[in-house]
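Input: structures, listed below.
The following pair of complexes shares a single chain, chain A, combined with chain B in the former and chain C in the latter.
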Partner chain A sequence: MLGYIVRRLLQAVLITLGVTLVVFLLLHIIPGGSVARAILGPRANALQIAQFNRDNGLDQALPVQYITYLGQITGFGSLFAGHGWQINLGYSYKLNQSVASILVQDIPRTMLLVGVSTALAIVVAVPLGIYQAVRRNRIDDYVLTAASFIFYSMPIFWLGIILIVIFAGGLLHVLPSEGPQGTTFGDVLSELPALILPVASLSLVTIASFSRYMRSSTIENMVQDYVRTARAKGASNSRVLFVHVLRNAMIPLLTLIGLSIGFIFSGALITEALFNYPGMGYRFWNAAQSQDYPVILGIIIVAALATVIGNLLADVMYAVADPRVRYSK
Partner chain B sequence: MSGASRRAKALVVGLALTVVSLAGCGASAVTVNKSTATFAEQPGAAPNYIFPLASLKYFSVANLTQFQFLMYRPLYWFGENGQVKLNPQLSIANPPTFSSDGKAVTVTLKQWVWSDGQPITSRDVEFWQNLVTANKLNWAAYSPGEYPDNVISTTINSPTSITFNLSRAYGTYFFTYNELSQITPLPQHLWDKEAVTGSVGDFDKTPAGAVAVFKFLDQQSGMISTYDTNPLWRVVSGPWKLKHMDTSGNVKMVPNNAYSGPVKPKLTEFDEIPFAKDTSEYNQLKASTSVASTAVDYGYLPFQDVPQKNALSSIYTFVPWSGWLITYFPENFTNPRSGPIFKQLYFRQAMQDLVDQTTFIKRAYFGFAYPTHGPVPLKPATNFADQVEQANPYPYSPKAAVSLLQQNGWTVNPNGISTCASPGTGAGQCGAGVGAGAQASFKLEYASGLPALDAEMAQLKSDFALAGIELNLSTAPFNTVVGNSVPCVAGQACTWDMECWGGGWIYSPDYYPTGDEIFSTGAGSNSGGFSDPMNDQLTLASEVSNDVSALHAYEDYLATALPVVWLPTIYSQLSEVNTHLQGTQPQDPLLQIYPENWSWS
Partner chain C sequence: MRIPPPAAALPLHGETTAEVQDIAPAYESRGVWRLALDVFVQNRLAVVGVGIVVFMVLFCFVGPIFYRTDQLTTDLNNQFLAPGAGHLLGTDNLGFDVIGRLMIGGQTSLEVGLAAALIATTFGVLWGAVAGFWGGVVDALMMRLVDVVLSIPALFLLLFLAVAFEPVDLPKLILVVAITAWLIPARLIRGEALTLRTREYVEAVSMMGGRGSRIVLRHIIPNTVGTIMVNATFQVADAILLVAGLSFLGLGIPPPATNWGAMLSDGVTYVYDGWWWLIYPAGAAIVLTVVAFNFIGDALRDALEVRLHRR
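On to the complex of A and B.
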């Protein structure tokens, strides 16, 4: 298992480097005119554009730019230059901050929003899916299935607006209409009521999705031979359900949870924008709109790493959930 | 339920509603017991640079007029009572005096002080001058040949008097409104150093030292989260100083008790709040339930929500805010294919004849825009705007457009593509460089994400089609459109015909609307490469003359010569101001804010 994890981690590094290469090339070959002009605006004259290009190394050949960037993000650039090993994700063209400092402030906020929503979704969806499987094709299953489909098919932006109108608008006016504005994790936590609506809008849709998977998986497992055997040996319903079925039924959900780790780091663009919650998703959107390449690349690197690690964790959790799964080769 | 019972119930409900609505009407009589006010920042436009000598990366309303100006007052303040003019009361210096040959300008400072009690002196002005001269490529407003290139030297006459010696004679209007307007005295006694631990000296007096000082201050300005604690930024000249600021754009300011200006803040705190999207801001406005509980006291209505503007009227006063700006989009005069067509004045006239600004304003902008007919903004009314421009030289007339094309050798195919049937440079022919069969078909890329602009461009396409001028529309993000709109270089690919970023030019901090940076031959911001010797000559004349008629001559010429396609100018902001927040009107066309004037009633 240890060897497998090490191999996968090495793969993760290679995949991330591959992602940086592809994204770097795409950013520089897509049509879009002069980056300097786009950043500096219609007032920029030729001298100012040349100065910007010089300051940001954009006057060099593309391969040189990429190798310089690679040296910067891996820390080898500064190491070879004799300044010690310093990882540097670059400096935003527009935000007057280093990319690292932007990520440091945005990642915790996004993790809090998406992480809490995902955790809440798991906590609710797993028992809900099991309950629906046990009560399948009965009236309560039909009602919950209908509710799941409604939330699953509902666009998040629309659900968010509805929640704002009901809970923050004139109807009830019990919760703030925007998410926490604090810059630190602690500040955000101190505004917990402000987190309720954004978390709810994300969770409701995720619960709908996860509970459907859980329901199907549980039903599938409940007709397996090992369940019949357990019952024949006199195991109680709850023991069958929570000791035998749950562990196996969780396996498809583990894949979803593993994949959602990338999502937790890369952010929830629509929800963040709707609730004015400054996180990674909305930062990425703004950076893409304003051609802020260092920020785009920084966020992609983090999201790529998180996705690869999330998949690795899912694989490891398979083995924990199902002892028959082994990664010896 | 019987009819009588239903009627009785209806009566009770009616009475209840009447009582509730009367209570609502009475809300305006309440007194709001607040001593702070909050101002909504434009979506995605939070301030992030405090050092007044900002580069173009940080050149924005959010950074300059609505943030830095509150703390660091320019030498000369422009904007008074909603008008574009020099405001002597709010200026740090008395009006400048020009030498008789127009080649020297002397500025005399008033007896104002920094917030630490030190006087604001001519050395602080010289400090700015030295920094901007040595770092001009890093300064947003730099235009080659103009300020600071046109200042040969400065002479300090006394602690309150400084003379600028100029490379040539300038008119008082131009030099005051466009050059002196850009100077901000900086606290030399604190900022003239090269490192945090270094001592203050006269480093700015050598170019290398001035570069090092700039680098240090720029670096310090890069640490947003330290703004409120960094001793550098604690000393200010304006009515406000920073209490707190974070990297998201949350700003809290408190009064500078030592402010020397005539109007002292009445509020105990002024806050700015960032918003990711205008919908988020609008949600905040809608969530307000009373005048006393508004989370945003001075906000704005998104353009797409104008039809719902009455929904906020019990709490907010709706006040459109016009800026000192013009709106247009450039044609690419340097495109080898379409450039020769655009160079024909008759063709540009035909295109302008097809721009139905009245309909655009009504349909796309719900009435919250005003026409642009030339290089000088028509709002607010000033003596800079001449009759010719105000009268609109090219009112909407598809018939006139068709006639112009036909008279100049084109076969007009309404709703198709008109073609040049008579090439040549003689009378009745298409003009130089326009070959036989040349097609009136052009690409027009415009900024995405703006529903009103979508509507405007769709209408423009339809109107141009009436004269057989085909517009192939496409959208791209604002920055991409701006990035594309540069003159083509011979020998390199040239792909654009027209680019519309949904704006034009804001005359700030160069307030005299001479357009030397946008329409003169080779000017840095002349996106389409327009070149006209007569325009260059008139522009130069407007810079050296002390008479506003020189500006009118330039303006009248460009209004008819059409260097770009003029489009309606939308209001810069549809403000929603808490009905109990006093002192906010009139809004400044230079997009400055004056929270020191605000108070609650």
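On to the complex of A and C.
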């Protein structure tokens, strides 16, 4: 088991390295020919571009550039050069600020939104799915299934707009239509009502997706032989359901949660854009509109790292829960 | 499980008696697929879903032949017209008729959704089945690549690609969506292949000398066909949502082309003006279409998962 975790941890490091390679390559497929062109703009002449490339080491061979880049984003570059451990995610010429200093402000706000929404979704969706499986094909199951179908099929911005119209518009006017604007974590927490609509939009869609899987996974397990065996041994209904079925039905959900982290971050991007919530996704959206590539690629690395960590946790839990899966020969 | 009739009752080559002809079709017609179709048709939601999809396809692709509107030149004298005789659902901020706009917008949404799902599923299934069956180094390399791309959240990757390859046209949009979508089927099928390859019948085939390509194509992929079809259907729904999201953020196909998400993006500005026809029809079209594909996917799941028949 420990061996598996160590192996999986090494894989996660490799994947992160793979992501940095992909991002590095993305940086070099930017149309218009070069990073310098993208940063200096269409009016820069050949001399200025050559100067920029020389100053930033962009005239060196690609592998050398990649190693340098890797040294910058991990902070090892400056550590070995004797300047202490400094992570350098690049510099935004559009905002005249380093990407790292921008993200230090944005990341906690996004993590708060994503963390609260995901936790809420799991806490609501698991019992909901089991309840629907038990009450399968009855009227309450149909109503809940219809509701989850509709929420799952809603574009998150459309759901958000409807929530704004109901709770922030003329109808009720009880909640702000804009997310918290505070700069520090504490400030954001002091504006909790402003967080309700963004969290509701993001978690409603996620609940719909999780509970549907939980329902079908539970139903699938309820007809398995081991359930019949447990019943034959005289286990009570609730014991069969919450001890035998729950543990097996959670296994596909673990994979789903791991896979959904990217989906939730994507949802957070749209939620932040709609509610004007100054997190990582909102920053990414602005950077995309102004073609601020250093910020775009810096955020991709951070979002990917968060997803890798989430997947790692899900996979370790999967192996703990299901020893049948053979990961290697 | 159905037990096949004894060999003597099966039609033999050259036999054409009426009796045999009666037996043969009756046996064939009650195969697994026919049973699945029966279950599918019994599911009323699935029939509704198919109905909605057929309606949407007719509305978007045949509709413009009968309901002619100008969707190329703006008409700023007639912007924000309320629904009425000339324009049944009013006009938008550029004076385009909203129903006509729904039609051409729907063409883009449906085309991208279907094409992207088809490309992504085909590629993903092959990738996942090969990785899961061979295991070892091949599996590790193939799946690490999937993990690398999958760990970049889809919308972030999509947004980046849309910005980097501006201006985005229809084929580019389809390809870009497929690039972000093939990873999920690859992972799902790989997971199934991992457990399928330990099953007795797969071991029996390889013991009898069946080659890897035969096992993957004839035994592993057919046994995951339920997952493939269910996932492909959901892929269409997801692709439509993804494109809507991209367009909502203002980074889809530029005007005068449009899609349902872009219509909402334009309409959101006027949410407090009470011009509901700019907000609700396009949103309803997305939800209706995506719900329909999800209904179909769910019914397929019920119809194809044979274990569930043993109640």
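Quick note on the criterion: the second predicted complex is superposed on the first by the 271 of 329 C-alpha atoms of A that agree within 3 Å, B and C clash if a C-alpha of one lies under 4 Å from a C-alpha of the other, contacts with A are read in each partner's own complex, and residues count from 1 in each chain.
The rule is short, and it goes like this: a contact is a pair of C-beta atoms (placed from the backbone, for glycine too) under 8 Å apart; a residue touches a chain by one contact, two chains touch by 3 or more.
Please read these numbers as outputs of a predicted model, since none were measured by experiment.
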{"item": "Which superposed partner A:Glu178 touches (first chain B, second chain C, both, neither)", "value": "first"}
{"item": "Touching partner for A:Gln51 - first (chain B), second (chain C), both, neither", "value": "first"}
{"item": "Which of chain B and chain C A:Ala273 touches, first, second, both or neither", "value": "both"}
{"item": "Touched partner set for A:Ser209, first chain B, second chain C, both or neither", "value": "neither"}
{"item": "First (chain B), second (chain C), both or neither touched by A:Val308", "value": "second"}
{"item": "Touched partner set for A:Lys94, first chain B, second chain C, both or neither", "value": "first"}
{"item": "Which superposed partner A:Val223 touches (first chain B, second chain C, both, neither)", "value": "second"}
{"item": "Which superposed partner A:Gln65 touches (first chain B, second chain C, both, neither)", "value": "neither"}
{"item": "Which of chain B and chain C A:Arg43 touches, first, second, both or neither", "value": "first"}
{"item": "Contact residues common to both interfaces of chain A (with chain B and with chain C)", "value": "31, 164, 169, 273, 288-289, 291"}
{"item": "Chain B residues within the chain A interface of the complex", "value": "44, 48-49, 55-59, 137-138, 140-144, 221-222, 224-225, 246-248, 250, 273-277, 279-281, 283-284, 286-287, 289, 295, 449, 476-480, 482-486, 495, 501, 503, 505, 517, 523-525, 527"}
{"item": "Sites on chain C touched by chain A in the complex", "value": "135-136, 144-145, 147-157, 159-160, 162-166, 184, 187, 191, 194-195, 198, 237, 241, 244-245, 248-251, 261, 264, 268, 271-272, 279, 283, 286-287, 290-291, 294-295, 298, 301, 305, 307-308, 310-311"}
{"item": "Residues of chain A defined as touching chain C within the complex", "value": "11, 14-16, 18-19, 22, 26, 29-31, 149-150, 152-158, 161, 164-165, 169, 212, 216, 219-220, 223, 255, 259, 261-263, 265-266, 269-270, 273, 284-285, 288-289, 291, 296-297, 299-300, 303-305, 307-308, 311, 324-329"}
{"item": "Complex contact set, residues of chain A against chain B", "value": "31-35, 37-48, 51-52, 93-97, 101-102, 105, 164, 168-170, 173, 176-178, 181, 183, 272-278, 282, 286, 288-291"}
